[in-house]
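Next, two complexes with subunit A in common: one pairs it with subunit B, the other with subunit C.
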Partner chain A sequence: MSEAIRIEDLVVKFDNFTLDISGLKVPKGIVLGIVGRNGAGKTTLLDAISNTNKDYYGKIYIDNNAIWEDEKKYLKSFGYVPDTLIFNPALNVRKLLEIMKKSFLDFDEQFFLKMVETLELDAKIKIGNLSHGNQKKLNIITIMALKPQVLVLDEPTEGLDPVSKNEILDLIQSYIDDEKTIIFSTHQTNELDRISDYLLFLEQGKVLMFDEKEQIVNDHYKVVMKKEQLTEEVKKSLINYQVNSFDVTGLTIDSDLVKEMHLDYVKPTIEDIMMNYLTKRGVKK
Partner chain B sequence: MTSKDPLYIQIKEEIKKKIITKELSAESQLPSVRVLSKELKVGVVTIKRAYDELVNEGFIISKEAIGYFVLEISDDWIKKIGKEIIKEDILNVKEKAKMYKLSNSDIELLLKEELENE
Partner chain C sequence: MKDFFRYKNAIQTTSSKFKFSRVVIPFIGYSILLSLFTWNGNIEFITFFGLIGLVFAMSFISLQENKRHYTLANNYPITYKKRLLYDLLISILTVLVAIGVMVFIFTIIAGTIWIFNGGSIDDGTVTDETIKTSIYTWAFLVWFVTLMIFSNTSVDKKTWSLKLFGGFISALIINIVFLSLIKEKFLLIGNIYIQNENKQLFEYIGAFTYLIFAFILGYFIVKSNKPRLKICEKNQCTD
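Then we have the complex of A and B:
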């Protein structure tokens, strides 16, 4: 399979933080969710991929283009929508369209206008006066109209109402096809999980997990057991556990344990998985 | 469906049900992976997995570059699947009976009553 993004031995160093990704291959035609806490390295990774930060070691390829080989081609295959308004707030949508058409010959005007209409964005008022949600939507459709092969969205549903969230999910799903890939980052686990095909979990600058989402969910069991069952041996097989008044709930990837002890289980949500992995150190202290 | 099952299994079972009840008739074409993923608002890989498992289990067939099609399934096979599913339900009943201190004859009586109660 050809890759949307390939990363080799990436190291980004700051005074008190290091992002270290030895290898990562993101296939084409999928939605990848990058999840992790604040400070896990999500933005650092996106800054390196988008060439916003050039100060790193290692190699990054977008759609098989390396930046040191052909910067134009690399940047053309890539679109980045940050979490903040990316256009002059004094413009209105019409002015923005004029500028985009002049600056980018292949700007898809038809798509842009259709989306402005579908999303009921007011084309006459200043962009700065649009609601937070509408500004986010405008960011996304403007970059989408440039038709990048790889589109990266930073926190695309952060702070939005449910209707707007849904519209953005629709936008994402209508954009991808066999050649186009969408990558988003989020520090919440939410409805974005649902539409993502792959998940990349970052924690303290390292890859905690990278796999098909269904595989990750499939591999994990959220189990319930009685307090007496929680022996030291069993503890070793649990990623994490919580003891409450009645029983113990835990997360494990040990299917033998589930079978042998006849444990009740459900399939965890992404949030369950994230919480259990990320609070591990706290419990062990 | 319970949350015991991951999403792709829930979708697989839903489609299976439609094939067994003939709501999806033999030889009819299933929506493409992309279309269904958009309709259900789930990832393409989720749909792909559901379809792959349906292929493995013999409910549908994949025709290269055309799509997925429902296979003819015999009544005998449907019965066989039904038996397996009901067997699982009975195991659940057994467990509950034990918890509520019901004997085998209590259960048999209940079953008889309900079966005649059509």
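Then we have the complex of A and C:
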């Protein structure tokens, strides 16, 4: 499988935060979900990929193009949808369409019009007067109509109602094919469960985990044990655990522990995994 | 040429969101500096040259402003050289339009005064100094506009304000020292400009000094914006 994005020795420095990714290869034709707490580095990473922030060290290749080698090819290879409106709010959808047709030779007008109709966007009113959700949808379909090989979305469903969220997730899923790749950041773990093929966990600017979603889920066991079973040795094998009134629940990747202690287990959700990795160990419920 | 018009259209899709503070700070500096030049109350320098300069600088800044803000224009797929050239052309066009608007407004004002004055304008309201376009003033303007653009395009977030402040202070010091040496006493620029008997020498040397600043700063603008590979090894980040 060829790579949509390759990152080598990426360092982005701020006063009190550093994003440091030594290596990352994102295959083509997948949906990659980036997850992490606030300030983990999700937007910082997307800003570097999308050339919004140029103050980084290291190498980023999109579709084998590097910005310092051929900026035209690099900029053409991706489309970025930030979490804010990217268009002049004084325009309406019709006027935006006219300008986009004049500006970009490969703008897919048919796709755009079809999407405007499907999503019931009012083409006559000013973009600034569209609802927050509709502005987000307009951002996404306009960038999609440029047919980028790699579509990068920063928290595409943040602050939306469940119906709008669903529409946007459907839209994202409909875009993917063997050659097209989607990268999106989110706080919503249920979205990752629903549409992502790969997961990238970021924590304090570092990669905590990067793999296929199924692989990550299959590698982990959500176990339940009696309080007496929670010895110091067992604690070491657990990624995290919570002491409840009658028992202890925990997360582990140690399959031997599960077998030897005959522990009850279920496959964890993405939220289970995220919470266990990112919260304090041994919290009493 | 088609590329240029497509790029110009792409700019229309964006909203002009640029960091206001980064324009305000240089603007204040600009006002202070020009106030020194216009010590004698020759405020027209600020209004005329200032407006033209600001229109150019702000239009160029809004085109170049791409830090922490994504638009279809600043990531439009063209080469860096073309982007610079097109931005320059658009800025010049903007200035021409701005001059047209200013001339139109001034014509209306002058026309109104003319009508109210019964068909005459007091010659005293328009002096040579008002419309004087000296090399010195233009050179200063080029330097300052370059400085403003630099302050908005410097890639290093931590030091942009330091560079701006440093450039601002250095220019002042160089001029004060240089001009004080000529007059063999310490004087501020405004005073010396008014008191200098050999204004032409003052203008040419001053112009040269500022143009050198403009070229140096301009070089850094181009250098800092050009996409380049930066490698960071063992936590020691270097270009």
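Just so it is clear, the second predicted complex is superposed on the first by the 278 of 285 C-alpha atoms of A that agree within 3 Å, B and C clash if a C-alpha of one lies under 4 Å from a C-alpha of the other, contacts with A are read in each partner's own complex, and residues count from 1 in each chain.
To be clear about the criterion, a contact is a pair of C-beta atoms (placed from the backbone, for glycine too) under 8 Å apart; a residue touches a chain by one contact, two chains touch by 3 or more.
Quantities reported herein were computed from a predicted structural model and do not represent experimental measurements.
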Message: Please determine, from the superposition on subunit A, whether subunit B and subunit C clash or fit.
response: fit
Statement: Chosen between subunit B and subunit C, the partner touching more subunit A residues is C
Field: Partner chain(s) touched by A:K213 [first = subunit B, second = subunit C, both, neither]
entry: first
- request: Consider the C-alpha centres of subunit B and subunit C from the C-alpha centre of subunit A, and write down the angle between them to the nearest 10 degrees.
  value: 170
Task: May I ask you to decide whether A:Y265 touches subunit B, subunit C, both, or neither, giving the answer as first, second, both or neither?
output: first
Message: Which partner chains sit in contact with A:V31 here, subunit B, subunit C, both or neither? Use first/second/both/neither.
response: first
- prompt: Regarding the shared-chain residue A:Y277, is it in contact with subunit B (first), subunit C (second), both, or neither?
  reply: neither
- prompt: Of the partners subunit B and subunit C, which touch A:K59 in the superposed model: first, second, both, neither?
  reply: second
- prompt: Once the shared chain is lined up, is A:I195 touching subunit B (first), subunit C (second), both, or neither of them?
  reply: first
- prompt: So, A:S174: does it touch subunit B (first), subunit C (second), both, or neither?
  reply: first
- line: Min C-alpha distance subunit B to subunit C after superposition on A, in Å, is 29
- prompt: Okay, in this complex, where on subunit B does subunit A touch?
  reply: 2-8, 34, 37-38, 41-46, 49
- prompt: What does subunit A use to touch subunit B in their complex?
  reply: 29-31, 169, 173-174, 176-177, 194-198, 212-214, 217-218, 265-267
Complex contacts: residues of subunit C adjacent to subunit A: 5-7, 9-10, 12-16, 66-72, 75-80, 155-158, 225, 227-233, 237
Statement: Given the complex, residues on subunit A that touch subunit C span 9, 11, 13-15, 47, 50-59, 66-68, 71-76, 80, 82, 85-91, 96, 99-100, 102-105
